[in-house]
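Heads up, the next two complexes both have subunit A, just with different partners, subunit B and then subunit C.
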Partner chain A sequence: MKTHSGLAEVGVLCGAFVLLWFAPVIADDYALQIAFRVLIYLSLAESWNLLAGSAGLVSLGTSCFVGLGAYVAFGLLNSLDMPLPLVLVCCALAGGALAALVSPALFRLRGLYFTVGTLALAELLRLTMVNVSAFGGASGIFLRQDPPPLPELFHYALVVALIASLSITACARTRVSVILRAVRDDEDAAAQMGVRPYRVKLGAFVLASALCAIAGGVQATKLGAIEPYGMFGLQWSIDVLAMVIIGGVGLRLGPLVGALLVVALGEALADYPEAHIAIAGVILIVLIRFAPRGVVGVVASLSSMMRRRAPA
Partner chain B sequence: MPEIGIVLSTVVSGVLLGGMLALTALGLSIVLGVMRLVNLAHGDFLVVGAYAGFFFLKFTGVDPLVGLPVIALLLAALAVPLYHFLLAPLSTRGPEAQMMTMFAVSIILENVFVLAFSADTRTIERDYATLPLTFGSMTVPLIYVIGFSIAVALILMVHWLISRSGFGRDLRASSADAQAAEMLGVDVKRVQMLSFALGAACAGVGGTLIGAAFQFGPSSGGAYLLNSLAIVVLGGLGNVLGTLAGGLALGFLQSIGGLVLGDGYRDLVGMALFLLVLAFRPDGFLARARS
Partner chain C sequence: MNAIDAPLLEVRGIVKRYGGLVAIDHVDLQLWPGTITGVIGPNGAGKSTLIGLIGGAVPPSEGTIRLDGRDVSRLPASERARAGIGRTYQIPRPFLDMTVEENLEVAQYSIEPFIRASLAREQRAVLLARTGLADVARLPARALPLLRRKRLEIARALALKPRIILLDEVGAGLVDNEITELIALIRSIADPRSAIVIVEHVLRVVRECCERSMVLNFGKKLIEGPTAEIFANDQVAAVYLGTGGVREPAGRGPPTEAAAAQNVVHVMGPAAERRVMSPLIAPTAAEGAGAPLLELEGICAGYGQARVLRGVDLTIGEGQVIAILGANGAGKTTLARVISGAIVPTSGVLRIAGEDVLGQPPHSIARLGIAHCMEGRRIFSTLSVQENLLVAARNADASAAGERLGAVYDLFPVLAERRDHGGTSMSGGQQQMLAIGRALMARPRLIIFDEISLGLAPVIMDKLYEALAVLKQAGMTLIIIEQDVDRALALADHAYVLEHGVFGLSGPPSKIAADPRLRHIYIGTAD
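Our next item is the complex of A and B:
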């Protein structure tokens, strides 16, 4: 039963992928821009959801790995002129390696310090880029070659989103999901049953960070120029957190619904940046308090209520 | 190597500044100990304190250092409804829900500051803020000495409050084991509310002191939050005098880092220390001395 629905999910994902692949044929530039942003956000939100929803690790360091991916991508493209797919693989490796490197510090005290640790790490990397002139300093770096055309970038973003979604499906539909949830709900009990909590959390963190770094690499290639304040900005972390909480933490469809809603909110309030963020904050507070499972959770419980009422 | 006078001045200024920051860090530490909550809006409470000092001076003309008790009360009064309406209802839902709520409060506050006070950086302008104090070849700004003295006096008062008073006993009991304290008749909700208010007051008073010594703006809070956390981790969680020592240590190391590597590296040293201490000495540098 479980494997069946898992296979169905893979089928749906691949079907959507094939359909969307041909989107540039009919869509105009504006629609592609929006779709690109949704796909990048989706990749980030899927990985955040894996950490928070499945492993109980709330990260404020999305920007750290997005920024790392951006800088690694520009470094390799500018100095070695490597082909972009290979560059993105290197971004993933760098993201995973950094996550593994800092995990001894971040997993202290049962993750009490994980959130602030990720925040501090992002700040540390940003200040490094600002201060070290080899990394372009505060003014950043330009991409020496022309960025690929938008349809091609859209395809890259689509592939990244597919990889992210398939990885999460693999985690959510196999034995891994049970292990992750066991660690999230009770570390001691999980350890008693022979699970190694540290390794499980490390694996989730490394995978999520690698995905964020690839997304960062694609985003940076599209921008053509990066600087530390934007690429390591808290805005990435805020948006991702907002997406998953609005969509539904730990729910399979949460990141997708959240990414669509956050991009829509951003477009609607594009002229009022301060009001936009403040409103996002208010939405977060209300949802955390009254609908901890987000929009998807509310819809799911409403529909099950309707179904229960229907026969009577 | 720069001449000895400059080195001494920089290091002493750094240590004094660290002592000022320790007061803010103490507020963070109390809330972390009692509520198991990393208050992500703590830096913004500090900025509220700085703005409060700024407008207090502007509208009353009275020196904000005289008005510190008013500012402390203002922050406490702001914190109580935050606790009551936002945090208390989430107390059964694990630490993440409360932490994310305070993160939302933080981004709301930052943008409210921009909307209400504009994005300009400001400073609380007093004559003594720019006055230098000279001992031999060493020069430190007078405001650092004043701010440091006030901060240390307040930290010692909080230390007395926590180690000697009845409220302090309840506070220590709640942070050691909230359930057991509850069973023995401690009103843990009330202790948490008062601790949260005390934490906010520490941040606010620290913010006024820092606002008199430095420029501040709507988004200054983030850096102070991270520096305060570095101090808490350096000093060891739940240790009032350790927090003071952590502040002095951070100030010292940041000024050394700034001297050796350049001024832009000061905050970087703080972040790196935070992660290194977490990795290698998670109970703080003073852990061995206590046990």
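Our next item is the complex of A and C:
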């Protein structure tokens, strides 16, 4: 049964992918810009949801891997003039490698300490970029070549989002999912069942970090210029966290709904940046207080209530 | 046993130190294929630590553990599980948000990630049927009551297809016919290629399952040998069995030094008890004279759809001690929760000293002098022993609280010694003493003791019941809810037996003890 719903999910994802692929034909630039942003956010939110919702690793280090992807992409494009797809593969490898490299230190920390550890890592990388002039220092780096046109960038973002969603489906709909949840719920009891918690967490962390790094690479290519405060900024980590909490932590549709809502809210209030942050904060507080399972959680419990009431 | 064969598991000179405390001190143990070994000993003797050391949850300070000749003593728990050591936790730790079946999948998929789904499903079905969980396979583990969670612990351990199975107090809280089932289950798990270790206070399980047993005391092996010899040993009786092993009213040997040193309660005459315990005994309320202390009429209560109590009548007078007996699920704890106000009955009358208190919240009922010594102790782990006690007396002024503290320390001197220790740093028996002391600190008119002997060594149960006898002498009103029928009946003035939510049987203890229906409820019919 599990496999069937998993296959159905893959079908829906691929169908949506094919449909959206042709979006540039009808959509104008503004719509494509928005869609690009939703897709990048979706990829980041999916990977964060994998870490926090399935493996119980609450990370504030999204920006660390987004920034790493951006710098790796620019370095390879500027100095080696590699084709973009290959560059993005290298971004993923770099993100995964950094995650694997720091995991012995980070996984010694559990719970809140892990979260603080990821935050420290992001700050460490940002300060390194600021202070090492070979990486452009505080003023950052420009892309020497012209960025690809928007429809092409949109297609890259679409592919990244598909890879992220398929990866998460693979983790959530197969036997991997019980192993992940076991580690999240009780690491010691899981170990007593033969699960190797370290490897499981490492796998999830490497995968999530690689996805963040690709998304960072695509985002940087679109910008054409990067600097450490923006690419390693805490804003990435906070936005992603807000999206998943608004959508619903650990729920399959949470990241998508969260990304759509956050981007829509940003657009609606684009002319009032201060109000935007304040309103987003209020929404977050209200949801955490009254609907800890987010918008998707509320809809799910409402619909199950309706269904229970209907036959009576 | 073939002498040429090496033991399946060999523990040699294992030591575990926590700072200055030696929890396990140079213990040796050999497990042979096809055997079941019992490990018994007082609370705090290091039994669960030994399970942790073999299972890998606790890294050893010294010594080796060899499985099939391979040194596994430095391997983490996950690798030991994969090597074939399965364990259960004393307090079950299922993955609460997963279904029962998914809990088993964790073990299956971790050792065989690519097992065919249909094969895995068949194996799960067999395991669930064997452990009596087939009907709840799709329910989340959170929905299971304690006893079923214990079965799930066993099922999960078995899903590893282990060669060593470590069972940590799987029998605690079961009544006789459930223990009969458990013994049958353990025997059915036994396999000529694997070995089982049972840590257990329910002596029947050890007596009927284990050919050999070992007694731990203060982290050291006291004695090891055939189970029958162990149970007949005087030294074992003194440190562990108390009266719980062989019931011979006059035949208890002279107490050893260890037992004498630990002997905390001295029963004096009624007058003396009343004087020493007086700070803890509430005065008889004048306006309540005439009305009984507690009255229940036609109480019905339950949780959601499940109706647990179906019309319970009960009247308790000042100074009475009553015992409430019954199988698991009969509604004993629910009744206790109704009296203390934690559950609001769906119908019926609840009066305390003539006052109708139905629907009042627990803290108002507590203020009327009802204390509830809950199943599972509920000690505040961040508070010291003394702070745990004082919390319950926060309505009293300092001098009254001090007097009560003194009386509790008189009752349980060991608590005075440990007054600055963390509340949960003590052994299970001492924590239970603390829980009783805390209930007393409120100077209640009536105390409900819910399963206070659960998971305790027989010798500790003796001490707790001696303390209850002191309270009875001093004139306290007590409700005792208990699986240990003999101990409860020995103390009570009147006993009630709950059966499917009503009192199926009630009367003076001597009559109840002799009634064949009690035997029927607890032991089940012969067929």
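As a working rule, the second predicted complex is superposed on the first by the 309 of 312 C-alpha atoms of A that agree within 3 Å, B and C clash if a C-alpha of one lies under 4 Å from a C-alpha of the other, contacts with A are read in each partner's own complex, and residues count from 1 in each chain.
Heads up, the rule we're going with is that a residue touches a chain if its C-beta (ideal position, glycine included) is under 8 Å from a C-beta of that chain, and two chains touch if they have at least 3 such contacts.
If you're wondering where the values come from, they're calculated on a predicted model, not measured in any experiment.
A count of residues in subunit A touched by subunit B and by subunit C gives the higher number to B. Contact with neither subunit B nor subunit C is seen for A:S79 once the two complexes are overlaid on the shared chain. Contacts of A:R175 after superposition: subunit C is touched, whereas subunit B is not reached. Legend: residue contacts after superposition of the two complexes on their common chain; A:A52 is shown touching subunit B, with no touch to subunit C. Contacts of A:S133 after superposition on the shared chain: neither subunit B nor subunit C is touched. Look at A:T115: by the touch rule set out above, it reaches subunit B but stays clear of subunit C.
After overlaying the two complexes on the shared chain, residue contacts for A:L234 are found with subunit B alone; subunit C is out of touch.
Within the superposed three-chain model, A:L106 lies in touch with subunit B and out of touch with subunit C [touch as defined at top]. On subunit A, the patch touched by subunit B and the patch touched by subunit C do not overlap at any residue. Chain contact summary for the complex, subunit A toward subunit C: residues 3, 175, 178-179, 181-182, 185-186, 188-197. The part of subunit B that touches subunit A in the complex is made up of residues 32, 36, 38, 40, 86, 89-90, 93, 95-97, 99-101, 103-108, 110-112, 114-115, 222-223, 225-226, 229-230, 233, 261-262, 264-265, 267-268, 271-272, 274-276, 278-279, 282. In the complex of the two chains, the subunit A residues touching subunit B come out as 52, 56, 58, 60, 102, 104-106, 108-109, 112-113, 115-117, 119-121, 123-124, 127-128, 130-131, 234, 238, 241, 245, 274-275, 277-278, 280-282, 284-285, 288-289, 292.
Put simply, subunit C touches subunit A in their complex at residues 55-57, 76-79, 81-82, 86-87, 89, 93-98, 102, 105-107, 109-111, 113, 117, 156, 159-160.
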